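Labels run A, B, C and D following the written order; every chain starts at residue 1.
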């Protein structure tokens, strides 16, 4: 019996109730699988149950007595990644139906097709592409689309197609957004990352991308409205600056939060130094959010996210 | 059908293999329970599987069709915390036996009987007792035993029995350790906390307390051997100081690590200021370790600990 | 020549310009002092210059040639802490006048007379009083005044006078505030700490206490208005919670910020757990703010604070 | 009178004593300068006094009465960056001589000539070169020298000369080190960064580069000796991993510490994940150390460093 290192990730949610874990684990056993990782959460807010499992082909010692749950020993067929996945989907079907589950089965490590939108800031784009190349971020990037030329050389260095499409008026903005939707379809995009893309998306685009577009913005205690928030933060003498990565919704900068972080500053920081430090946090927070999304670790629970780290 | 807020915590470990989660969740369903929380981990190092579950009595809507797994609807008996636990132990028995599990079933929130050993430092004792009283630490403390009088008034303020037993020579040390063992038996102690108790325990006592004694000590990068480590840290110009909470073993300061933390310092800190800052970290790190132990979140995996936070 | 360990702390601010440091250091040399610590900051926002110095009596080796700047060698009088301070004030006078300085000279380590206001929460009061007793906070507390009885036993344990004065209507509120002002005068109070005192101060009291009252409150990214912010934070799925210590002004919760900190949370935290974790941060942040104030490390620069840590 | 934004940074150390600040500030006033930033520290360990000042040309309002300390008003010559620096050096000379100071005067923001040594790891080299290009790191890099080809394309992308020189035996190692010394002389190198250069330097090279070579290595609590420390850290179940940047000395990995940081991990991290997370910390810690060195913020005090951040 072979056992390569392929794993599958199953994420699911449904109305909470008894017997769910038993039913799911039963489907895994029936398919000849083994649970490599598992996390779950029952939301008291929405009454829903969430689960993320990593599943591998069970390693049955040769010559061992069958535990009666491995279909291989019944059919005599060797388990391969291909027939395992089919078998698993088959054994899952009655369970997901019975509990009316939202669910998704994916291979662990499969690169997620990601469209990056950029403007003039380089820090987020550079961080994402560097880590993708270093094998630290399971994404593939068929396109970086930008309303400025600034990040072209970074994209090209990392071997990623770059497209420049200026946005200076309403017409160009509509054309840019149309190009986004076209690219999403063309490349079968699963994730759109607003890597400091500095245009406000139209409500229509926000809706079209709901649940698959991630934005990053600065965050402060207290929050600041209006232009030049780092200057406001400086004037207010904040001792912390931070960043928030969140899903894009029509409610500007208020979508479900995926990740946040802060760092200490003091009175001696100029607005310019705050911006620079803020960029470090933005790049790090966005990278974590993208990574967790790509690893199927981010599940939506109403306006909140469940993060199975 | 009643459903109070009582929960049980089940922790277990066994040799990893397929079907474990299915078998455990089956026992829970059979007893009429529901999984409120669940965490698991398969250790690649030791080949063992670890699990922590919080289980509550399943809330079956009145008049709903039975899902066929709730013994209440079969027997017609109302489920109470008392009969649920008995029923659960019954349904668990064949599973724990079949997989040769180490396991433990406890009620969530039950205060753990804790013996505190102290010397002259007050910060850890004060922190533990303050939080116990504030309802933030599920421990009860039948005794604070110390080789100095220093923490007597703190213990008394918090209404905890205090016993002073000086240790100035080998004989007194043996008597102190005998008193520890006696107190452990007398009060059915589950956890011994060395809250800056500054005597080295004998190998015999270490062995007698294995797996249920937690120690706290300072930690530095790099480590320092010998006396007055904060002075050494100052002389070496470290930029971080830290603390480590670990299980007591016969290997001095090298037992399985439960929690660690660090904080930033700079060249301007005097050795005395390092000590003071170090005490804050020690109190915090020890408190977390005690809390996780008391909530059955700490499982041993060889020389490592699994912490299900 | 004697040199005990007494140090003085001089804080000052004035319109920025050349020669200030030279003039101040000249006054120190003239008085026979030595600079033990010094920090300065020129605010680009307000054009003001800020400085904090710790000064000690200069240790002139016996028999050494005078450097011509130590008045001891001129007068032949032994320097004592008493005559040094008088001499220092004398040499400072023309400098502070010439530059129209706001300034203050204090002895390092002198306990600051502090009035604590409390309600039902114990965490901040307990933390402050524990650290005062442990010698980690240079304050003395002539009174804890509270609109609830809750912290009475803590105050009494730490040997601090406690006074209960209920506030259930407008009249009682006015009486409470009158008592605050009376206590400030009676005990020559230098610092008023709102240690989770849950009543809104009247604008009159805010003004009367301007620059010497510190408040602590929770902080979130984004901020939340209205009641039960931890519940809102939970519902919004924040990944960080924090606290801010600030000077009390008539602008509710918006006075100059002294200290802020955050800690990580995740989706699994209940509102109750957020509150508990929030209390840890509140106690820590408030303690730092009080400590820095008591050590003359907090200077106001318009709506910002300069913190000379 | 003109005043551009040029600033100078003066760092100095000498035996501590009264009058130093007064003398230095006098030299600044005499040259027509103004103190923009100042930090100082008196080391109780070595009895030495350390100072870092940023100085700018004083802005005397036109038509204002001279305060009698600005040599411009005396000579009538307009102050320019060129003549200011000469004048400043002149007024400093008697002071630095009188107090037998180690001192250094530099222009703020001048890029420091930096030689980077690399092997196969890309994370540190990429981080340094990205930030240099983004204007966040005041270094220029005339050469990246490596015993592997791995980082060639990164260097070339950032327009930095790259040289490959294999080291597989003692002879090649000597040749590599000779090339280092040659490059140091050829490019007038001020800083050598070992950006995960994985060869042990000979004692001779360590001595030749003393005080101007910075190394980065992982750090753990407790420390681990020998090969594969991340594997050891995993086996020991550490809850924190970290990194230390330090000056290179002949005492392997034990030179004066410049910067350290840690990050949290848990039992679920594989050794491979620990390595990846460790690389993030290494890149960040090394970048900070290089930045502070390039900004003249790092001063040696025996085996310790003073960091004027």
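Throughout what follows, contacts are C-beta pairs under 8 Å (C-beta built on N, C-alpha and C of every residue); 3 or more make two chains touch, one makes a residue touch a chain.
Predicted model, so just to flag it, every value in this text is computed and none were measured.
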Size of the rotation, in steps of 5 degrees, that lays the CA trace of chain C over chain D: 180
Distance from chain B to chain A - Cα centre to Cα centre, in angstrom: 35
Approximate Å spacing (C-alpha centroids) for the pair chain A, chain C: 44
Sites on chain A at which at least two other chains make contact: 37, 41, 268
Topology of the chain contact graph, where touching chains are joined (line, ring, star, complete, other): complete
Contact footprint of chain C on chain D as seen in their complex: 17-22, 25-26, 28-29, 32-42, 58, 60, 67, 69-70
Sites on chain B touched by chain C in the complex: 122-123, 126, 130, 134, 136, 157, 276
Footprint of chain C on chain A - complex, ascending: 41, 43-45, 219-223, 234-240, 242, 244, 254, 256-262, 266-268, 270, 301, 303-307, 309
